[in-house]
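Both complexes shown next keep chain A, but they swap its partner, so chain B is in the first and chain C is in the second.
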Partner chain A sequence: MEKLSVHKPEAKAGKKSFGKIFSDLSMPILLVILLIVFSILSKNFFSPTNLVNILMQNAHAAVCACGIMMIMVSGGCDLSIGYQMSVSAVLVTKLLSEGVVSVPVAIILAIALCMVLGAFNGVMGMLLKSHTMIVTLATMSIFQGISYLISNSRVFSGMPDSYLFLGQGRVFGVIPVNVLIMLIIVVIVAIIMGKTSIGRKIYAAGDNPEAARLAGLNVKKIKILVFTFAGLLVGIAAILMSARAGSADSGTSGPGIEFDGITAGVLAGVALKGGEGTLWKVIVAVYALGVLSNGMQLIGLGTYPQYIAKGLIMLLSLYMSNRNAQSM
Partner chain B sequence: MKKIIALLLALAMCVGLAACNNSTGNESQAPASQPGTTESEAGNDPATDGEKPSVGFVTFMTSGEFFQSLADTYVTTMEAEGWDAYYVDGQTNPSVQMEAAENYIAMGVDVLAIWSISPESMTTVIEEAMAQGIKVIAFVAQTEVYDAVMLSDDAVLAANLAKLAAQWIDTTYADAEDHSVPVAVYTCRAANTGVIQGDVLLQIEDYSTKAKLVKEVECADESATTGQTTAENLYVTNPEIKVFLTAHNGLAQGINNYFTSMNSPVTDYSDMGIFCINGDTATAEAIQASKDGGSPLRGTVLTGSVQDTANELRDVIIGLYDGTIESGHVQNATTLFVNADTVDEYLETGKTSLTAEDFE
Partner chain C sequence: MQLTVSDCARRAQVRSVRRAAGREEAFPTELELKHITKTYPSVIALNDVSLSFREGEVHALVGENGAGKSTLIKTIAGAIRPDSGEICIDGKSYSHMTPAQSLELGISVVYQEMIQMEAMTVMDNIFMGMKDSKGPFVDDRARYKKTQELLGRFNCHVSPKALIRELSMANRQIIEIAKAVVKNAKVVIMDEPTASITVEEQKNLFKIVDELKSQKVTIIYISHRLEELFEICDRVSVLRDGQYITTVNIDETDKHHLVSLMVGRELSEKYPTKPPCGSEVVLKTEHLSGNGLEDINFELHQGEILGFAGLVGAGRTELMHLIYGSAHRTDGKVWLKGKEVHFHTPADGLKAGIGLIPEDRKYQGCFLEKPLFWNISISNIDTLSHATFVNHKAEMAQAEDYKQKMRIKAPTMTQLAMSLSGGNQQKVVIAKAMASLPDILIFDEPTRGIDVGARQEIYQMMIELTQQGKSILMVSSDMEELLGMSERIVVLYEGHQTGVLQRDEFSQERVMTLASGL
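Up next, the complex of A and B:
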């Protein structure tokens, strides 16, 4: 899962300073600290029920973060992901609640639609020659409109059990299905990003697009491919989320998740300019944020103190992850 | 090849949009974040057709079935009376609302209805409208100046929910000791209405002899996702809680989603109740399911059915326009009580036979 060695000359040499190790492991360290602190402050925090809750509550966010990480590594930024999820979630739940199509067909349609929306983002970024952050700001509005046109502001519920099983079911009565799906996706994305030539091309295209182009890479094609693949992941995330909730609506099924994903990416050290980022750190960051949110409720912290605590801990994690850079 | 793909994608988007738009029917009913645009495209500009009286409605928002349905129903109700009716999505944003009102003034509507997010910020624009002879209705939120005001008292509505919940608690737990039934109140204090209603619900012990307030769960937003997540977390620390009260329909649906999910730690809902304000059709269906033990969602209170509210608004609009209602008119909204006894009636007719007097 390591990125191109060009960014890590010291790693190539096999020597890492304590500061570098500390910086690299900042998110796992933060996660462990949070687990210890909340376990001390709340006797219920470290219970199996609560730990499974945390895993399940953040599974769809982790899948979404995989897509966001890939986009960020390629040098892009997608602000429309929340409403992509919204479009997909209301479409699939509307189709299923009205009994229009079978579960597999609805799932395929929802994922395919998200891939089209993702590809649309990539193509528009290429055609308009603008940064994808600006392009997706515009497409976010389009997707928002599409979502509300599909739902007409209604909440859709009453899905078949076979669909709900994806978000609520457990394999052998123990392993949450959505967590299992999330793990499979994380492994696949990790292999793509760390072990395949396309993964290396994505890092190269994000790190220095011009150099990558001169080296013979089709950077535009790579970026469109990344947005399309991210759309696939967002579609899966939308299905996991709506299956877990048992309902979906345009306003709350997805919007806002893009910022959680970008936050996790930044905390995990994914460079906003592209070319840098490690998947496992992003997933750990997603769960660190999930633990933080869960733990603060369990210890009875009010909403507003939670905002402050969350901000302070994010600043701390940024300090930890950049500590090595500062010292250099 | 790339250009062809780009064209195909753009075409697919346009076709999708067109297909979606067709399903909504009348274009003037579509949410218009930019006032005037949608209306002029529909060819119904009151400044140009000049025949029919016209009314503009600045809504609170259109996200959520209740708000969208009210806006749609208001349009069809007014059009049935021969009016040109328009609305704009207020987006819970005072600036958007002010701009929308200014645009309606420029369009020369005869009546302007405003469901204000921040009533004090609308004074200037309302005075401008009134100076131009436009009749102004303050809908739900009372502004400083108005020709008519249609009030829905947030605190009264919350008190009615507390009464509905208290009736269920005291009946279900008739043999329990006084103030022994654990209750959690889910609040979202992001808007004034949520603060007022949350504070009333926290007084549940004053309404029920059996209820015991155990916890206030403050939520950052009122979405179903937040409701579900916080319910999961709350069950870890307070599994004893039997009753959940909230002013927010989304939170109630999230709590209900958790307890009716495959992972629910509870399968027998006979001693459990969830109550909320302004429930929608999905809420009513869950209440219906509660009769057969399929859901713990027991009740909701609303400020009249959507059609009733639209009818009341119609009467005030026409009354102000033809002079049968005098300036300064105040109209108070009634409350609908939806529970296991009245949910079938509500889903069939949009009305309920229970009234506030039944809880006195």
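Up next, the complex of A and C:
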């Protein structure tokens, strides 16, 4: 028999501690530091062209990160997102390059397919009663196979201009279309997560599934819904990416993006156990990582040092967040 | 660890001198506890308990839920550290034990929830942590032989190479006992060993106990099945509310005498008086079965507080989940206000007007890392939303409303639930259940781990709820609370209903007798 009662001092309301403010702003601070450092190191870095370039290059990653953030908040994890995107990208580009279907049909197909794949992940997680990280490790392999079956290892290009406009075009000649679409999606997801009852239930299901179940929430349904919705976002991201690149293939159109998304999520303080996470921080983290790779490219450090830098930043952020947690 | 040469050691010397003089005591003391006290923030778990265990005896510890049995064995096993008192073993006195020390001194505990390496073999589990070979390599052949021999003695015929997870509960228990024997344990503590095994297996267990006894091993036996104590025990010690009551020889007592020793506390706390309930039946079960329960029949009247008594493992919480829809019903019927209902999920129960205040506040009730208003509105968030958009103003207003009504002590409702005391957290959980406007409330251990002041407030709140026409099912392990608050009490024993007591039949002994299945 253990009777313990919590008698922590009642926290002072209203006043935020320095540590709390710091951890709230750590992503913008990181972004600003990176911007300053690369502006000093490279004279080409802080130019409008390059900055817009960074925005455009990472728009699809930001859309993906929205989906990953929702999944992580609901207490899941999706490793299959990269190949989910790959399946969708090669399908849509194959259909378009062969001129089989019109652009709107191709887009709808791509998005619907990703939703089915996402729902499959969610349903499998529920039926197998396993952590979705393991389930999606398996489905990742399945999606990889499907993607290569569709593409037969070919690269597809030669899509119509109206499709390429989604990734390369500009509204009024200034605002990049893909960045605009990304911003609209970020706003929608932010509203869903922050302002709606559905968002509230997603947080509850991730924070404490048993308490959520006993509070009358259908936790399984919520999780399947989240995976399906994330599939929708991944489908959109696949279109944005293939339209910007002008081509797609199974190996590079998507795979790896799940790790960028999860990295951004962890950097932004999305709890791996679920129930916690703020979308704008995740998006800022995506762009901080984007600035890092762009900047390193400009100062002549290639892809491999970038991997090392990303890993080091992640370790540093884990150290910082642990210190914060302990000082609370 | 404090090592004092006290009278304990001196007495051991005296004993050996006496032995030498040929006046050997009939029952030398193996283990002695002196004036052990252990307090937790809200409760005194052990209050000046002194007990001695003799060599080669089977000594039972009995008491109600919360009497201090578990705390006592944890003290002996070194899992917790008492505030004061001494533990004497081998003529040495210790202020407390560590788990390693207690093992080294020959104390082994066979816990009810066995902690074993499920994916490893029987022999590896038995020899876990033992140095039984000289070099760096494990001598599997020797282990195999020794294990087989040992299990043969216990009439247990599993292969030493079988994996633990393939074994039945009874065999796993025997493995735990074998582990103790391999370590040359002098004291073996068994915590509810018969709770999850069959009658046949129980007979074998008793044989093993006899075998250990014949080898002068002291056995401390904890069980709530009083009848079995008369089969195997030599002496019984009774604890009540953390106090040592007495030790009796088993042949000088009977079940009813034991029950009267286990209860018989003074009702000290004051309970608010409750106006009598109505006569309308709001909830009725007939032959309700499932989730470990069988054939449960009761009626709940409007405005009534119906108590549920039983010992740990009797199935009270499981019954509540069955009624709420969070567990699967296999048979029987439930009527809600005269209509038969079939709940498959908690959402069904909630929608039909049942609210649950779960047993485990921290893991089932609260979202600790979320704000208070968030906690309160999670069950009725849909009614606070328009086209799925949460009306934050209405949500905050609801939170403030409950803060006032329930007297939740928190500066603001935007604070996180984990910053509140247990009593205030409980009020938040009650507010959450209330927010979906239930007619029937299930309070599972409403005041566990809550200080006296907040407890009175929660009692008052329950009375107010019944005055508003709500009906309450209350599970409690606190006998006083049950007798003080309930209008009738349903008593369960191992998944069966053993009786329903009316208010004028209430007595601690009656409840305890039924809860012990007598």
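Quick notes on this structure:
Note that in this section the second predicted complex is superposed on the first by the 302 of 328 C-alpha atoms of A that agree within 3 Å, B and C clash if a C-alpha of one lies under 4 Å from a C-alpha of the other, contacts with A are read in each partner's own complex, and residues count from 1 in each chain.
In the analysis below, contacts are C-beta pairs under 8 Å (C-beta built on N, C-alpha and C of every residue); 3 or more make two chains touch, one makes a residue touch a chain.
All values derive from a computational prediction rather than experimental measurement.
Once chain A of one complex is fitted onto chain A of the other, the partner contacts of A:S197 are limited to chain C, with no touch recorded for chain B.
Using the contact criterion defined above for the overlaid structures, shared-chain residue A:S250 touches chain B, although it does not reach chain C. Of the two partner chains placed by superposition, only chain B is touched by A:G302; chain C is not. Between chain B and chain C, B contacts the larger number of chain A residues.
Contacts of A:N152 after superposition on the shared chain: chain B is touched, whereas chain C is not.
Counting contacts by the rule stated earlier, no residue of chain A appears in both its interface with chain B and its interface with chain C. Listing the residues of chain C that touch chain A in their complex gives 40-43, 45, 65-66, 68-71, 324, 326, 345-347, 349-351, 356, 358, 363-370, 374, 377-379, 381-382, 384-385, 388-390, 409-412, 414-416, 418-423, 425, 432, 436, 448-451. If you check the complex, the residues on chain B that touch chain A are 2, 5-6, 9-10, 12-13, 16-17, 20-21, 23-24, 31, 62-65, 67-69, 189, 217-221, 223-226, 228-230, 232-237, 250, 253-254, 257, 260-263, 265, 280-282, 285.
On chain A, the positions that touch chain B within their shared complex are 42, 44-45, 47, 49-50, 53, 56-57, 116, 119-120, 123, 126-127, 142, 145-146, 148-150, 152-158, 161, 164-165, 168-170, 176, 220, 241, 244-247, 249-253, 293-294, 297-298, 302-303, 306-307. Residue ranges of chain A in contact with chain C, taken from their complex: 1-14, 195-198, 200-201, 203-204, 207-208, 210-218, 275-276.
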